[in-house]
């Protein structure tokens, strides 16, 4: 067993930590909230640095990074609650890469942002598609086929708890050979490809949630060390300290579970998909708990928009509901395990 | 034992529901939410017209003279419908303190004006550096002849930007123990030394920070004895000690139950389990609050029943809001008032709202400590 | 609203508190554990005092007590974790009373102990019937009919977590007109009668659980006031005190909810059955939480058979699983509410 | 990163499984459970034969010379199968302290005897009046020439009724602060001043209370310096600080999964959700413990990783045991070894067992305080 990152991984993490601290401050995150939760400047830097290209295999012009590398990258993204749909772009890029679709080159070059609808369209609409508000195109399972569809004129955005670039995508009038749409896969392959993309999304979102949670814990811990009540720092009260200790423990565990899930995907280990579901469920639970606690220990300030902790709480709840709640991921994992 | 509230109270509930149905159209609800201020002229005038404003004040004093049960029913319905009552509730709470401890001028002019809905008072207890430990207030009041000079700042002074007076807790004496050096004042908010700065919260409500910079008030603005502020304060906070969020939990459940029926999910065992649990907790929250009222009516002095009602109702609301938000699934993310949101996004709003309830009016930790020490007799 | 007990109710409660403190000490409870969790002497006193007869209407020779009276009685029973199947005997007596069956007179006189199987028999066996190990007869829903069946030769007992007098009842060879069996109801009436009995059982067991929980809380509170660690009573630690404060609150609430459910049954209020399910679920959750906490704060002593708190913990878990876990009661309540 | 433990360790796991399959027949398991003692001659001789007894001791010292990963795999499998290891584990833990701090005679005679499985040692730290606060031990040791006279009592001295020695923490000096006045001894349990009284626990295990009444031991029975007992103790408790109950949680899950498949309930979403959550927690518990081993192997000094592994594994075991017990339903009530019980009642047993795990080897509260203060840097 070896839990040490490689030198290259350490470099990647350090480079990203630097990028996010410069270009995704909480001011930037707040500013992006009024424009679909998207910061085009940050997105430009991320694509320039190759954060999407890394997800694509070398054969298709990408960097051929491992899932583990991606997980380490999005962990940093999560720490900053970065206002850009990095996970979705990476997951879609992997999907295009696997299907060998020519659009992959536009994704590698940064020309187009492509996302993926995590659930099949129902009655011609894919609801709540992540990055749907800002992507150029989306991959949607529609009437049994996996379709790449241009989003101009097809999206309806909506305000949401996490200030995320979500949108409902209408597939009305899409025809396989019509303009702005292309069938990527059909039949059982289509469903299987979406399932695989969902595993990727669960695994990478788990890693982002770990980063988010870890930063929220730091914010909470810093606050309770400084804030005094009844003549002592409030962090000395067991009612404050003990839940934070539980969260620190859960987050350490969530991190290893998410990284194990990523590693298992790279190594093509049987349990990889099961681990992805478990990792999402557990990281989701941990991120929700720690953001709620860290917010609560701020007292009235936790409830103020001016303090950063609410940014973390809102995204922890939103990221864990874009696909579905943690308990659904546990069901998914156990169904695989129990062969049901 | 009898768990019925009685025909009179239930008739009153019906009447209030009609009033609120009439007042709180979708547009008015949206307007109130967007303003961030829990105050509305139609609400104030309607409540006064019906005689429900300051409901538990005797008729001689200008109130409605409602008995404790009737007043509780009023509170249950206002809460369940999230009526724009904050400015009025706080003002009448201040009026109560003024009646008990204020000057003749306060009692003869300001109190009646509050009861006519013409004067708004806000609370100035909490400070940026002290929340739960209210007695640690640092805002200084220094005597200068028959005036006082006040410097400091107050936090979470909701409605200060539309209010007339702030009920201010100050430190008047730094040479005695912290509870003994406090004095309270009723300070006009239009004083040039006062600056009100907006603070926005997660539930969309606007509150404020109030800076007091060499604010000069006459000694006639004082409420109660010099250095007697803690007594004034504790006697006026009794109401807050039975704050209950049960009505909000019930509202949440009504929305989620409607969602379940509309989407046909109501026969899913998972949906039933989660709604059933939250319903049980809502019933418990309601009963714990009703117990306080029953004790008031029966003349039984309350111990930790108020803290229990506050603690349980806020914790159960928070639990249920998070769980039922999840139950609704990805659609629950859609914001309050977004046209695509299920149940107009009220479930999303209530989840944000719930977070504050375990903090204000005494955090859950403060309530648990009170219950442990005063109720269970555990050592400090 | 009136939450005051009547003078008669106060008397009943005081009389029972006296009876249990004399005749159901923890020594007696422990002694009964080796004989199917049943103390015949206690049972004799309970029937003598009319604790079963009270459940039967005056028309059938009983006392015609209200459900609320029964709830107050079994609350005291729960406080003592009384080693006798009082709730089951009362529920069965009410059922016989409702059906106007002649066996009700034997129950009122104390000649026979009759119990009820809470779930229909499956493949000719009613599993885990409460009081099945010690009752003379049981009412079982078997092949669509509600049958009163003598238990001699039909029961198989088993050791169980709560040291309760549970048994599996075999209906093999039972015929409606054969010896030792009688059909009480058939068709839809049979199922409806069992449902109603289940509501009674849920409501009264909720009240017992409230009594159990309240006593467990006292045991825990007494211990943490006395026990010192690090130079102070352990009850002064927030990690100890705060969970107990939550439990005290939940138990107060559980008590009013159980009593409201009983009152609603008496007043024939629409929500009565729904309230019974909610009361059982909530009282079950509260009793489990408080017994687990009170046990835990005893440190190593909580884990010793010699200390009483384990008696409470085991019964809290067992009473909440004889019919089914609390969450199933919430489902039952919500299904009624939502009309599903 | 690589989450594989390696072929060697996995081969070892396989070998241990075969050994335990062979040893732990249903009858042997029943016999061990009914005895209340986690000790079995066949276990001891088999472990010695295979070279797994005192696995992490170097070969020169008479151990198996297993690397940390291999030793961890041994522990994982012994725990998962609930091997009767308690007497052996405690004895080798004491042997480690004797090697580090004992007299020449202890090192040359008692330690080898422990490693041959011939001598059993038990722990005598906890007292009736002090649990978490071990340093507050009141059992008195008074010097009398080249002897000591010991009076007091020790609690939870598991195996004292079959043991040879008790590793005893005493108060040798009452005039210094509590951590500085402690001395440890290795006291023969057949001393006439020692009385061992049985204490039975909720999990069916027998433990003991040991009374010491004018027990006279030679100064040669002393371990470490006079008044230096705290140092001796803390160095020998390191092992306990990475105690993990993950293997028991995995065993529980294996039983519940088998139940779900046998009863056809495995496609019920509720069953899947609850098993899935517990499986995730089991994986986390395993990983937190494996991290400690990886740090040991990589030579990275541990901070609060041991407490995290202990805290999480015991809390998740307790949570899962209660939840999955419920999932199995009324049948879960049937006792361990009752012939009618599902999965032979092991789920019932594990639920009782789980309760103790959040208490011994440092309560969850003690672990949380360590993590908060040492890990997060929160103030005392």
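By written order: A, B, C and D. Residues from 1 in each chain.
Heads up, the rule we're going with is that a residue touches a chain if its C-beta (ideal position, glycine included) is under 8 Å from a C-beta of that chain, and two chains touch if they have at least 3 such contacts.
This is a predicted model, so every value here is computed, not measured.
Visitor: Name whichever of C-D and B-C has more C-beta pairs touching across its two chains.
Guide: Spelling it out, more C-beta pairs touch across B-C than across the other pair.
Visitor: Greatest Cα-centroid separation from chain C: which chain?
Guide: Taking each chain's C-alpha mean as its centre, the farthest from chain C is A.
Visitor: Between chain A and chain D, what is the separation of their C-alpha centroids in Å?
Guide: For chain A versus chain D, the centre distance works out to 41 Å.
Visitor: From the C-alpha centre of chain B to that of chain D, how far is it in Å?
Guide: Each chain's C-alpha centroid was found; their separation is 52 Å.
Visitor: Among the residues of chain B, which are close enough to touch at least two other chains?
Guide: 269, 365, 368, in rising order.
Visitor: Which positions in chain A touch two or more other chains at once?
Guide: If we look for residues of chain A contacting two or more partner chains, we find 237-239, 242, 327.
Visitor: Using the touch definition up top, name the residues of chain A that touch chain D in the complex.
Guide: Touch residues, chain A against chain D: 1-5, 68, 217, 221, 224-225, 232-233, 235-236, 238, 241-242, 244-246, 248-250, 252-254, 256-257, 259-260, 263-264, 275, 277-279, 281-282, 327-335, 337-340.
Visitor: Sort out for me which residues of chain D touch chain C in the complex.
Guide: Against chain C, the touching part of chain D is residues 126, 129-133, 136, 155-156, 199-203, 322, 325-327, 329-335, 337-341, 348, 351-352, 355-356, 358-360, 363, 365, 368.
Visitor: Show me the residue ranges of chain B that touch chain D in the complex, using the header's touch definition.
Guide: 269-270
Visitor: Mind listing the chain A positions that touch chain B in their complex?
Guide: By the definition above, chain A touches chain B via 127-128, 156, 158-162, 164, 166, 168, 228-230, 237, 239-240, 288, 292, 295-296, 299-300, 302-306, 310, 313-314, 317-318, 321-325, 327.
Visitor: Okay, in this complex, where on chain D does chain A touch?
Guide: Going by the criterion above, the answer is residues 1-6, 69, 257, 260-261, 266-267, 269, 271-277, 279-281, 283-285, 287-288, 290-291, 293-294, 297-298, 305, 308, 311-312, 315, 365, 367-369, 371-373, 375-380.
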